[in-house]
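Written below as structure tokens is the structure these notes are about.
Should a chain be cited, it is by its letter among A, B, C and D, assigned in written order, with residues numbered from 1 in that chain.
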Amino acid sequence: MLEALKEQLHKLHLELPKNGLVTWTGGNVSARDPETGLVVIKPSGVMYDDLRPEDHVVLDLEGDVIEGTLSPSSDTASHLYIYRHRPDVNGIVHTHSPYATAFAALNRPIPVYLTAIADEFGGPIPCAGFALIGGEEIGQQVIEHIGNSPAVLLKNHGVFTVGKSAKAAVKAAVMTEDVARTVWYALQLGTPDEIAPDDVKKLHDRYTNVYGQR
Amino acid sequence: MLEALKEQLHKLHLELPKNGLVTWTGGNVSARDPETGLVVIKPSGVMYDDLRPEDHVVLDLEGDVIEGTLSPSSDTASHLYIYRHRPDVNGIVHTHSPYATAFAALNRPIPVYLTAIADEFGGPIPCAGFALIGGEEIGQQVIEHIGNSPAVLLKNHGVFTVGKSAKAAVKAAVMTEDVARTVWYALQLGTPDEIAPDDVKKLHDRYTNVYGQR
Amino acid sequence: MLEALKEQLHKLHLELPKNGLVTWTGGNVSARDPETGLVVIKPSGVMYDDLRPEDHVVLDLEGDVIEGTLSPSSDTASHLYIYRHRPDVNGIVHTHSPYATAFAALNRPIPVYLTAIADEFGGPIPCAGFALIGGEEIGQQVIEHIGNSPAVLLKNHGVFTVGKSAKAAVKAAVMTEDVARTVWYALQLGTPDEIAPDDVKKLHDRYTNVYGQR
Amino acid sequence: MLEALKEQLHKLHLELPKNGLVTWTGGNVSARDPETGLVVIKPSGVMYDDLRPEDHVVLDLEGDVIEGTLSPSSDTASHLYIYRHRPDVNGIVHTHSPYATAFAALNRPIPVYLTAIADEFGGPIPCAGFALIGGEEIGQQVIEHIGNSPAVLLKNHGVFTVGKSAKAAVKAAVMTEDVARTVWYALQLGTPDEIAPDDVKKLHDRYTNVYGQR
């Protein structure tokens, strides 16, 4: 079931190591099928090179496994918590991408120092508090702190991104690391001026409504 | 039309991710055909792996699309502004390459700390002011600040480079990131001596007139 | 003899350059065969691209070469010392991976600033003292300082990791560099809060007992 | 003529971009043929992907082109100066590898903070003064400052390495960048203890005489 979504998720999973966002078996992507409401997610602790489309696990929003023989990601409960509280979200990504996680280690949001941050995030990337892994606590932190941003940092941990599709969430994860890296470089040279809120809004509106192909 | 130029632009576009200058769909290259005066540019928001030669958009200098079914880069108006004001320029590149953009975030030019900067740039790499994206404002900033350099930083944003050909502009974009990176590393250790203006001139003259194949 | 183990070691050796842990001929992996107690190790000074499964050297725990025409790694005596003192260890990795080695250069352990450190290491990554290369001294330093961690830094030198298999030791080497890098980035921004010992224990227990496939 | 040496030099040239030591057309390797005393060197301003074995230029020690239709590297006069003054040297490499060049920008030698530096270099990596490009001045700086090290930094410029073969010089260039990077990382955390001169000597002797295959 959901073969097309599994194929898409498989390709998106390969974007994580390709973009330097994950190490060994870390990180995961999930997608919610808008028709059935079922969620497809990475199995726990599998190497990206070994992952096949049919290895993905299908669950319902309460966490019952609908299809799949492998154990789902140990972040599954938090993914499902986010899907239950954000009906607009159909894709979620979790990584420990290194520059973004450095900000997360310090519980430090990323201000709008770059037009790329205004474009993709529409404001600062917020940072959520510390939570243990395995249950819904991370999902609660994400929902509490992410606001309208597609990304949130997790104190002492890493990054969660969301999107209206798994591809949008992967894009947000890639852009989170990209802007975290450039801001980190900038902060070693000094403290940039933040872009004015009015300009942030104009940049974000243009990027959301005009950029790309219709 | 302009098939050879589109093929060349396609190859040059692939140099941007290969050299670590762009992330996801960001960045763009354009070229002006010296005979017809028409400009070929990347379509907006297309992944580099998906980009084909025939996807490039052909416009005249006033921004009328002459050929192409995709929307052109959202930086098109600024590219055209630069072409109109710099008849010597036939290639333009825009990136958010991370080390150069760190200097840009701080509105900070890159001094001539390295022979490689004297060689390629003939002086410091200047930094232009902040401008919104989508119109000609960035092009105006570029023209106002670039002087005789092939590269200019844009405050809180990124990099524009120009050249007598698209290949020369891509080379300038690659070298901008390369020297920005090394200067950034050096600045974490201390403040280098700048190369004396007389030596900068000698190095730049030799590189321009003797280096490479005739 | 031990063909399957040599094949496995060959594949694991290729993970070192793939994950950016080694340069030129540096670094090595060894494995102990649980049945015979013999140890298989990289030959000294061989490029990773040139290394073949049959090039690995087989020794007994006293250092007598049982099979192989090449000289074994110059770290062999230290590997064997570790195997003799740690019957639970069947795999050992040595690298100069750059971020971890930066901490090692300063004789500085890596605190538990990240959930990934709690997960994989169960506590701080300790740092052992300086020792010369070629004899057992490094092995003695490793045994003295590694405790329950799968990794230990070596002052002014690099990293040793151990595991119940060579694959587990390679994973520990990869994760050591990964967390060293992120902690290094974080320390340039400030000093993170350490994760509380109770939470470290919970994270490590879950990762050890629940994470991955059964 | 010297076909085997050109083939070898071609392969060694490809190690430079593979190891992240060069950008675009920068950097070069030369080799002296021990029998004829002739020198083979990279042509000026050629991209590494385009370089073919037959493109290399053959010169005598006085700089007369013996074979080849392309212009030789603009560093040729300095390579030849080094060969004339160091009969033990049969290979030379020049790069702007970024971490080493950061130290060079500051005219700052690299102390023996790591066993890898003792192993490969037998002491600190020295830094020579500033010199213009194109004539013998760089070669004079190299000879004056390199001492017994296989590598020397050039103020505001980059790196020269030498070896008894081109392969040994390439290895020294790779190791120079590797240790410069790790030392640079370490210096952002604090100031390491230098390894004691006696231990440096022991490490270097062992590495020179015991490490690798006989």
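Note that a contact is a pair of C-beta atoms (placed from the backbone, for glycine too) under 8 Å apart; a residue touches a chain by one contact, two chains touch by 3 or more.
Since this is a predicted model, take the numbers as computed values, not measurements.
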Compute the rotation angle for the C-alpha superposition of chain B onto chain D, expressed as a multiple of 5 degrees.
90
Can we say the copies chain C and chain D touch using the same residue numbers, with more than half in common, or are the two sides different?
different
Whole-Å distance, chain A centre to chain C centre, using C-alpha means?
31
Residues of chain D that contact two or more other chains, please.
188
Which of line, ring, star, complete or other matches the graph of chains that touch?
ring
Tell me, which pairs of chains are in touch?
A-B, A-C, B-D, C-D
So, in the complex, the side of chain C touching chain D is made of residues 23-26, 43-46, 70-71, 74, 96, 98-99, 101-103, 105-108, 130, 132-134, 155-158, 184, 187-188
Residues of chain B defined as touching chain D within the complex:
19, 113-116, 119, 171, 174-175, 178, 181-183, 185-186, 188-193, 195, 199, 202-203, 206-207, 210-214
